[in-house]
Amino acid sequence: MDDKNLIAKRVACELSDGMLVNLGIGLPTLVARHVPADIRVHFQSENGIVGMDSLNEHGLAEDDLSDAGGNPISAVPGAAAFDSAFSFGLIRGGHLDVTVLGGLEVDEAGLLANWMVPGKMVPGMGGAMDLVTGAKKVIVAMMHTAKGAAKIVPACTLPLTSARRVDLIVTELAVIEPTDAGLVLREVAPGVTPADVVAATTARLIVPDNIATMAV
Amino acid sequence: MCKLTRLAEAIAGIPIGATLMIGGFMGVGTPERMIDEIVRQGTGELIVIANDTARPGVGIGKLIDARLVKRVVASHIGTNAETQRQMIAGDIEVELIPQGTLAERIRSGGHGLGGVLTATGVGTVAAAGKPTLEIDGRIFLVERPLRADFALVAARQADHLGNLGYALTARNFNPLMAMAADRVLAEARSIVPTGVLPPDAVGTPCVVVDMLIAVEARRG
Amino acid sequence: MDDKNLIAKRVACELSDGMLVNLGIGLPTLVARHVPADIRVHFQSENGIVGMDSLNEHGLAEDDLSDAGGNPISAVPGAAAFDSAFSFGLIRGGHLDVTVLGGLEVDEAGLLANWMVPGKMVPGMGGAMDLVTGAKKVIVAMMHTAKGAAKIVPACTLPLTSARRVDLIVTELAVIEPTDAGLVLREVAPGVTPADVVAATTARLIVPDNIATMAV
Amino acid sequence: MCKLTRLAEAIAGIPIGATLMIGGFMGVGTPERMIDEIVRQGTGELIVIANDTARPGVGIGKLIDARLVKRVVASHIGTNAETQRQMIAGDIEVELIPQGTLAERIRSGGHGLGGVLTATGVGTVAAAGKPTLEIDGRIFLVERPLRADFALVAARQADHLGNLGYALTARNFNPLMAMAADRVLAEARSIVPTGVLPPDAVGTPCVVVDMLIAVEARRG
């Protein structure tokens, strides 16, 4: 299993039956592939649907049905469509159980920056600020480092996505939980030691005695 | 009162420098015929309020390619390198707004509310210069209503009166924008006789639609 | 023609093709009967429909379709249904061209009181406050007096419906327009003199030289 | 996750003194089966948030008749003489809210907004004790969000997942309330297999519905 699917598979363990879940573009979309067969998770695409599904057959793309990246998708039986105000009512109103997003930086306070790099990349926040502020549980799914540089840092240097602390960080090396006391290392990937994680992290990590190995 | 208007005539009514709300999300549910006609007529210096600028050659991206836009108010422009290029060159001004806030500000403008109270953006650069209000110990931004001179919306079906029915994710910002502009121009993939669209399938009632773009004849 | 239909017919002259119109319960509902045949007016019922029509045939009542009084109605082809938030978005957002309401009192400032009599009748404002505050044009359609007592008064004694000045008052005696200068008598009913109107009104009325006779 | 629940069991979960939002407008679109069951179980001291109390013997009026309500938050009670009688006798507390404000306060509670900014009620008794905000020289009331312990909603159709489809004016407050309560109980005139209700006909997505009241068998 490659790093990204390892991350996605671990994130999928956080999902349970009946949940409403929003997956960010990129790595987070892989999570849908790893949902256990015995539970039903409702995937929202913030452009206006609950019950999105991937479109695996050629020739069935429909102009009026796409994901938040504008790509053709399918819909499960029992899907529901709505406008953008309602879609963000679901997100902001506490109806969204889990959002899984990528990250550029997460810091010791558990704050996320994932929408811009001043002077370099200004894509816009899209729905990210609403998702992080409004979802019941925020999971950051990302590679632990970028070109060798730590992404889990003492304090974000990039503009924040929200003042709300995220709930879980899942990388190819570790599962880390932001808490009142700071970032707690909860799990390491198979073959990875706590020391490996600490070495790849510039933020202070709280390393408990008992650290589980990711069940992936 | 017949709202049916020829495409060229409808677009000719949009002056240079107008503020347009344009429906669609990454080109899905975007009024492509009206956009193509704006490009053909070359109506410039536009202020565009929309979720995004899609991609070069797609949807609102065509207005960017043609350099007809001086200012964009959107939730993201990351999928359109040309928008970013023009922004960095100082040829286009970009205001970024969180998507849920954008939707709600447009709704607020169309529903006659004084604005939106949202926690989204608090403690980030999106809060800069915005008043806040504390309610039950929680801080909310006071976000102002948005309105436009024109709303350009796309529907799956319209009826002869101008009622609009939307489909799936092509709905997105269209019904919100149709409430929030001085003039509402709608195009539909098909126009059906009044009564064909049942009342519960109408997403935008005809009373807010000013012009319905005529379908070009395909037969004969 | 009885007094109430005379009022309704005069109010109907204010309507033009394509308008969105909301008629209050009671007297205002009569206006629908007097709309000229050559124009199409869209009637809203604030409980969630544009395109309401009266139900004239027995046996066609539908449980899920009623007016704001809960009575069965019909719908014209091209009607549209929606929830209460959208319905009041139409009203509050400036999309409603005309609202016609009954009145308990209207005063010299053109302010309306029509929703309660303290200690006597507390029905609630329903949609009246939104209608008077939000509609482009507010027409009060009412009998000129109640049991001999003037209803057009110097200053409302009952709780106001809105701080917004109404646009026109139509009674069985007169058409009166509230203006910056005060209440202006514009028209009298056939057979009624300006002096009759003044006598039935305790508010100061501005009486111009030229007063038309209601075209009813 | 099966949401199908027997009527008696669903209503037994509502404690004495609970705050209920109840859909419907003058009894149209009101969850009659749930109301009848509350009356049967005698769950009292309820706080009811609804547009109105209908008429004696109809819809929410049945809860009033049975003296199960201690407080009503509504836009009007003028059609129910019994509500007025209990109010004057001091047996029931009534808070009146303009209808558009009530709808928007419920929406605000369900959509996670800090409240509503409306000009409705400014300069009237409805403004008493409420903060105001001046925006562009116009005064707006700051109206707080409304939420409830339970929302009791009625739909024309539900599917097996709990998606709800509404019809005509029976829609009214139902979809708004279904977003604004900790527990959402829905009854439908018919329950159809998942997939029968098309995505564009869903007014309330199943994810916000907690319990779907089982239909009693008519056959056999």
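Residue numbering begins at 1 within each chain, and the chains themselves are lettered A, B, C and D in the order written.
Operating definition for what follows: contacts are C-beta pairs under 8 Å (C-beta built on N, C-alpha and C of every residue); 3 or more make two chains touch, one makes a residue touch a chain.
From a predicted model like this one, the values you see are computed outputs, not experimental measurements.
Chemist: Would you pick out the chains that touch chain A and also touch chain B?
Modeler: Output, common partners of chain A and chain B: D.
Chemist: Check every other chain and keep only those touching both chain A and chain D; list them.
Modeler: B
Chemist: More C-beta pairs touching across which pair, C-D or B-C?
Modeler: When the contacts at C-D and B-C are counted, C-D has more.
Chemist: Calculate how many whole Å lie between the centre of chain C and the centre of chain D, each centre taken as the average of the chain's C-alpha atoms.
Modeler: 29
Chemist: Based only on mean CA positions, could you tell me how far chain B sits from chain C in angstrom?
Modeler: 35
Chemist: Please work out the Cα centroid separation of chain B and chain D, and write it as a whole number of Å.
Modeler: Using C-alpha averages as centres, the distance is 33 Å.
Chemist: Averaged over CA atoms, how far is the centre of chain A from the centre of chain C? Could you give it in whole Å?
Modeler: Computed from C-alpha means, the inter-chain centre distance equals 55 Å.
Chemist: Specify, in ascending order, the residues of chain B that touch 2 or more different other chains.
Modeler: Those would be 104, 107, 111-113, 118-119, 166-168, 171, 199-200.
Chemist: Counting only residues that touch at least two other chains, what does the list for chain C look like?
Modeler: Only 49, 75, 81-82, 85, 88, 91-92, 134 qualify.
Chemist: Can you name every pair of chains that touch?
Modeler: Final set of chain pairs in contact is A-B, A-D, B-C, B-D, C-D.
Chemist: Touching residues of chain C toward chain B in the complex: what are they?
Modeler: Residues in contact with chain B: 17-18, 20, 40, 42, 49-51, 75, 77-82, 85, 88-95, 134.
Chemist: What residues on chain B touch chain A, complex-wise?
Modeler: It is residues 25-29, 51-52, 54-55, 58, 74-79, 84, 87, 94, 96, 98-104, 106-107, 118-126, 156, 166-176, 203 of chain B that touch chain A.
Chemist: Contact residues on chain D for chain A in the complex?
Modeler: Counting only chain D, the residues touching chain A are 1, 107, 109-113, 159-161, 163, 179-180, 194-195, 197, 199-200, 202, 204-208.
Chemist: Enumerate the contact residues on chain C facing chain D in the complex.
Modeler: 45-49, 62-66, 68-70, 75, 81-85, 87-88, 91-92, 121-130, 133-134, 159-163
Chemist: Give the list of chain D residues in touch with chain B in this complex.
Modeler: Interface residues on the chain D side: 104, 108, 111-119, 133, 135-136, 138, 140, 142, 144, 165-168, 171, 199-201.
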